[in-house]
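Take a look at this one; I'll ask things after.
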Amino acid sequence: MSTLSVSTPKSTSQAKVEEKRGLSTAAKRRLPLLPALIFVVAVTQLPFLLTVFYSFQSWNLVRPGSRHFVGLQNYVDVFSDTTFLVALLNTVVLTVVCVFVALLLGLGLAILLDRKFLGRGVVRTLLITPFLILPAAGALLWKTTVFDPTYGLLHFVFGTDVDWLSEFPLAAVMAQIVWQWTPFMMLLILAGLQSQAKDVLEAANVDGAGRWRTFVSITLPHLSRFLQLATLLGAIYIVNSFDAIFLMTQGGPGTASTNLPYYIYQRAFEGFDVGQSSAMGVIVVILTMIVATFALRLMFRTFSVSGGIK
Amino acid sequence: MTTVAPRKRQYGKGSLTVATWIIAILFVFPLLWMILTAFKQEADAYTDPPKLFFTPTFEQLGNVLGGGFLPYLSNSAFVTIVSTLLVLLFGIPAAYALSLAPVKGTSNALGFFLSTKMLPIVAAIIPLYVISQNTELLDTVWALVILYTSMNLPLAIWMMRSFFLEVPHEMIEAGRIDGANLPTLLRKIIMPVVAPGIAATALICVIFSWTEFFYAVNLTAARAGTVPVFLVGFITSEGLYWAQLSAAALLASLPVMIVGWIAQNHLVRGLSMGAVK
Amino acid sequence: MRKLLTLFAATSLLATGCAGAGSLGTGSSTLVIAIVSNPQMKDAIALAPEFEKATGIGLKFVSLPENQARAKITASTATEGGEFDVVMISNYEAPQWAANGWLENLEPHMAATPGYDEGDFIPSIKTSLSYQNQMYAVPFYGESSFLAYRKDLFDKAGITMPAKPTWQQIADYAAKLDDKANGVAGICLRGKPGWGESLAPFTTVANTFGAQWFDQGWNAKLTSPEFTEAAKFYVNLIREHGEVGASSAGFSECGTRYTQGNAAMWYDATVMAGTNEDPASSKIVGKSGYAPAPVVKTQASGWLYTWALGIPKVAKDKDAAWKFMAWMTDKAYVQKVGQTYGWNRVPPGVRQSTYAIPEYADAAKAYAKPTLDGIADANQQKVMASPVPYPGIQFVGIPEFQDLGTRVSQQLSAAIAGRESVEDALKQSQDYAQTVGDSYKAVQ
């Protein structure tokens, strides 16, 4: 993942020079990193290794004495399971659409908020709130208050009896997820907007650049780092979306809105099949890593070509 | 700033403000409706068309508070505050090291941190349950503190690193030339620039810790339950529940809303600080 | 920033004080009880302080909705985690877990408790919680299924409900009473995926049409003519005269529709009567009649389900746990609830003596007898056309059924939503079921 390195050429060569001088400097530089690194390694790797271990076993929690080693059989079963492939497709669609839409909305809202106006603090708190409430509460809220065919707001506004959750299950779930994650995108992008150097903006204004020109040539490149960050982090969280599907559609009708986390949940907590659910978890990690690597390479190339301040 | 057609600009600003307000209200409309429903009787919550005017009652809120809400609240507060402090404690140095003092292996470390978030919680929960059983950490607040800290560290490090990278090189060089050592450099030059970013990061960590549900419901029982566990248990499996749910969700979100409001001021202050040279 | 840090530090110290008390170990005289958050259980939690005062045993409840509670209790019991002293399970788990050796045999405890009167339990309920004729869980409340109907709407349309309706008759009535223009569905039936959601009423319909999940040789029978006929009937009835949003409607959603006046009939659990007749949430109090579960080829058709309490084998203080369970399931508790909260909130369907209490008989006169009859008739001989190799009426009492049932119910909900034909749904379901059946064939 060398694409993640954002150090300017100057400091890299500087580092190389210092490394030649002796390990101590490099070690000193690594020191602040160590507490976090050690902590995360200790807490996350043990469960992960245990998950991998379980993935090589056939173990049904409610059939005692059923636990035995089966090698890669679980992985073979998972890949030949059509429902898994449906869940995979749904996960990809869900993640791509939700991240994209939430990013656009978040960008729009952040731009609207990046100026002084009356009641700005109130508006900002209001806009964050969908992100603050428990995801479970948000999912139930949308299921009952918005989508209910008889008592919901959509029924009230449009007057139709459309059963949104059965006719457009994936779209309904996506709407809820976008609503919940837009504030996250907005917060990140707003922080990025606020860290723009004011004098550069003023200089552009004095030079006669219009708002649109300033936005495209100065703000957007500056924001690129934050947009990338928002996309990356948002994607990782949204891939794991669970509450909306669990509470709104139970993955249905059929398997129309089943995504990978929900399917794993079914394997683990209804099937109590520890082996298969662990294997699926490991597969998700590998797939996400592959996608993340490619996505990062693609994003990095796009944005470095356009130049910009950094 | 030249004052070109001030009146025109004021109108422009005014209508933009109004538009912003309208968009904000539309966006959070389901939530506003939820707040309204928190004060309804269950029968008033299920009407077609939805009721805007009704006799309000505090019954639902009273039920929530009287239903043993407070121990869960204090558990959540403890877990959230301690884990966020730990995240900042470990994360700020790490973010600094990965941005302003990079070495070989920086990108590997960053990639590693990100990869820890790729395993779906659902798949890891049974291994975690087994581990918690064996380390006697099952149903303790410390299990949650440890898990939430490791859950939020990757996010915090990635976010804060972005803000550290915003600090203009010239400022740091100027400080170094002036003879400042690392702590002074951090305090006087870097911190003011990254403070709003850190505030945003802390806020997001608080939100994720406060609303985390899966670990909480599976790894706690009678003692260490947090607010999300309470909320879910409060919703009855049978019968009408919208008004109750709204009241419980409102009370559960209130503490974080207050924190968010306080954090706003730091985010706002950053606007004027960012230009300080 | 410094001020904020100070505030954080102060608050966390304060919170430590509060939370610290919570992480002290539970003393030997405190019980941890895992319970499902249904209304009847919530009443028990509210009355629990009386027990604590009388016995000095402290109680801590972990109360969750059915899905989460079941997952948590199962994981804990199967891995012998030992967090709970008392667990709430149903007649689905009890026989299986007793066979696995996960539960304490309760016969000696009951024998040592004079006046407990386990003979008072309705026989079908007692059997459903037993293994080798010994009870391993004691029932808290029980239910069967029956049909609620709006007497006023029936009168207006000039229809009389027969004493023992058939499904064909019900379908006809639903067609007559279906009033989409005014938002009143002919009938409300569950369509929500879940082995305990749509599959419960659906399996009883399949049973009475003469179908079965597995025959005696563990061959899956989901594509048999009887099963297909039953599935087509259920799906078509919902699609033509059922409620809007059927494919995601479970007990809660149907309950809402019926009590708010948006359905003329509702076939579901007998406990629905409590909510239907509760003025605080129902708009149609006193307007419902209750008919037995409709039949086709069998004598009766109601299901059997009970929420019960058991003691995990690894629990530390079994005597104290039994004391609590006895308190929550004996005759005195019924009286307490009746007098404190009203007779409509008494846990129904477990003790025959409850139905002899005059105040209860009076308050619940609309539904008490149909409930009792439904539960009494809920045995495989009466509700099924031919014998099956598994326990359970509306479920197949094997561990794989939670998963299998949910998958099949997802197919069913797709058919109800019109995304799939009934035949395709059944074909896919047959595949799932046969895989499970094969693993049992091998063992035979």
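Which chain is which? They are A, B and C, in the order written, and residues in each are numbered from 1.
Heads up, the rule we're going with is that a contact is a pair of C-beta atoms (placed from the backbone, for glycine too) under 8 Å apart; a residue touches a chain by one contact, two chains touch by 3 or more.
These figures come from a predicted structure and were not determined experimentally.
Chain centre most remote from that of subunit B: C (centre = mean of CA atoms). By number of C-beta pairs in contact, the leading pair of chains is A-B.
Rounded to whole angstrom units, the spacing between the C-alpha centres of subunit A and subunit C is 38.
Averaging Cα coordinates per chain places subunit A and subunit B 15 Å apart. In subunit A, 61, 150-151 are the positions where the chain touches two or more neighbouring chains simultaneously. Within subunit C, the positions touching two or more other chains are listed as 71, 75, 79, 183, 256. The set of subunit B residues that touch two or more partner chains comprises 46, 48, 126, 130, 232, 235. Touching subunit A in their complex are the following residues of subunit B: 13, 16-17, 19-21, 23-25, 27-31, 33-34, 37, 46-50, 89-91, 93-94, 96-99, 101-128, 130-131, 146-147, 149-150, 153-155, 157-159, 162-163, 165-166, 168-169, 193, 196-197, 200, 203-204, 207, 210-211, 213-214, 227-228, 231-232, 235, 242, 245-246, 248-249, 252-253, 256-257, 260-261, 264-265, 267-268, 270-271, 274-275.
Residues 1, 4, 8, 11-12, 15-16, 18-19, 22-23, 26, 32, 34, 36-39, 42, 60-66, 68, 71-72, 75, 79, 81, 83-84, 183, 251-252, 255-256, 259-260, 271, 275, 280-281, 283 of subunit C are the ones that touch subunit B when the two sit in their complex. Interface residues of subunit A facing subunit C in the complex, by the touch rule stated above, are 60-64, 83, 148-151, 161, 163, 165-167, 248-256, 266-267, 269-273.
Residues 71, 74-75, 78-79, 96, 100-101, 183, 192-195, 244-248, 256-257, 262, 399-400, 402-403, 406-407, 410-411, 413-414, 416-417, 419-420, 425 of subunit C touch subunit A in their complex. By the touch criterion given at the top, residues 1-8, 11-12, 15, 19, 26, 29-33, 35-37, 39-40, 43-44, 46-48, 50-51, 54, 61, 109, 112-113, 117-121, 123-137, 140-142, 144-146, 150-151, 153, 155-156, 179, 182, 184, 187-188, 190-192, 194-199, 225-226, 229, 232-233, 236-237, 239-240, 242-243, 260-261, 264-265, 268, 274, 277-278, 280-282, 284-285, 288-289, 292, 310 of subunit A touch subunit B in their complex.
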